[in-house]
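Quick one: the structure is below, and I'll ask about it shortly.
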Amino acid sequence: MWHQRRIRLSPQPRGFHLVTREVERAVPELGELRVGLAHLHILHTSASLTLNENASPDVRRDFASWFDHAVPEDAPFWTHTTEGPDDMPAHVKASVLGPSLTLPVRDGGFALGTWQGIYLCEHRDNGGARSLLVTLCGEG
Amino acid sequence: MWHQRRIRLSPQPRGFHLVTREVERAVPELGELRVGLAHLHILHTSASLTLNENASPDVRRDFASWFDHAVPEDAPFWTHTTEGPDDMPAHVKASVLGPSLTLPVRDGGFALGTWQGIYLCEHRDNGGARSLLVTLCGEG
Amino acid sequence: MWHQRRIRLSPQPRGFHLVTREVERAVPELGELRVGLAHLHILHTSASLTLNENASPDVRRDFASWFDHAVPEDAPFWTHTTEGPDDMPAHVKASVLGPSLTLPVRDGGFALGTWQGIYLCEHRDNGGARSLLVTLCGEG
């Protein structure tokens, strides 16, 4: 059983945002799968997806601090600077975290750990709405 | 053909640990697949999975050194500090390496490169036993 | 419907290289899938795959600069040094970016964002030809 659906996430400011419920609600076909996999693919090169702690907002703030520190806007070696100082760091952060997540599916929902939530990692100052292509496969 | 099984890995000290055999032994259904994919998903936010060199223990020690250097416990910007100095770095390292691995399957086993082994990346000082949800799909 | 094929990418110098067309041409079975997933797995521990901007060569050059800066050859903590100064940094970079990509497939091709291209990330000075194991699944 295969389903594929393009979804649009609400625009977010630069930072890390918990979007588990927003993604679940956008993919009602998930409910038909007893066991399977869900592939979430972001169709952009300056935003990414990851899983991490779904409780404290400070974890998401500290993610932003670490990434801004590790991939600084003012590094002397950037040459691709025409799209603004946040552009090239956004590309690097996007690849360090990766463009997609594959999640196990069980009994009609994502089978995540107790503390795991889906983060939309918005690396641009004004990234706008981001699109995901979600592919589900499994058995009903 | 779909199989899904929750497995438990032995507790490991902080660091990088080769667990290829431990995972293979815990998923006997792998032997039924002629061609397919194996999705290994860690159900935690402070440990992760990766593939890397399966021979020299110094590679795994150097991984620990680099990650401790790149994501230091004493960075001035951490605000999520109530769970200990190793907690927030563990969350960041977990996302940099990622919570899951998708591996090709061929003739009843993981189809890895000669030097590739599965690493359990334990980022906490006392992480305890870690659980994986393994999803196999393919044809027999 | 399952297909699995081992392909060989041309040798590349150290750096980040756009290989979308090279991969597509090597996997003609992609054309048979209406909807599905393509799993690209690199069979090495010192090279990796990612998706990023497919237009400006400066983006790829800046990737190399950032990774060389973040994972330096002359770090005092490396102990696995017998295979040359580029070896241990190559292992770390390979895991930070990851050994595989799972891509959505639609209407016989990779369903990527407008600006997304597949990068071969060659982390060794002389890595030689790199092999991928490509696994396709989906419905026709």
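Labels A, B and C are assigned to the chains in the order they are written; within every chain, residues are numbered from 1.
In the analysis below, a contact is a pair of C-beta atoms (placed from the backbone, for glycine too) under 8 Å apart; a residue touches a chain by one contact, two chains touch by 3 or more.
None of these values were measured; they are calculated from a predicted model.
Chain-to-chain contact here is organised exhaustively, every possible pair of chains being in touch. After Cα superposition, the angle needed to carry chain A onto chain C is 120 degrees, rounded to a multiple of 5. Centre-to-centre separation of chain A and chain B, using mean CA positions: 20 Å. Each of the following residues of chain B touches two or more other chains: 70, 96, 98, 102, 137.
Residue ranges of chain B in contact with chain C, taken from their complex: 35-37, 50-53, 56, 58-59, 61-63, 65-66, 69-70, 96-98, 101-104, 106, 111-116, 119, 137-139.
Partner chain C is touched in their complex by these residues of chain A: 2, 4, 39, 41-45, 70-71, 75, 77-80, 88, 91-92, 94-96, 98-100, 102, 131, 133, 135, 137.
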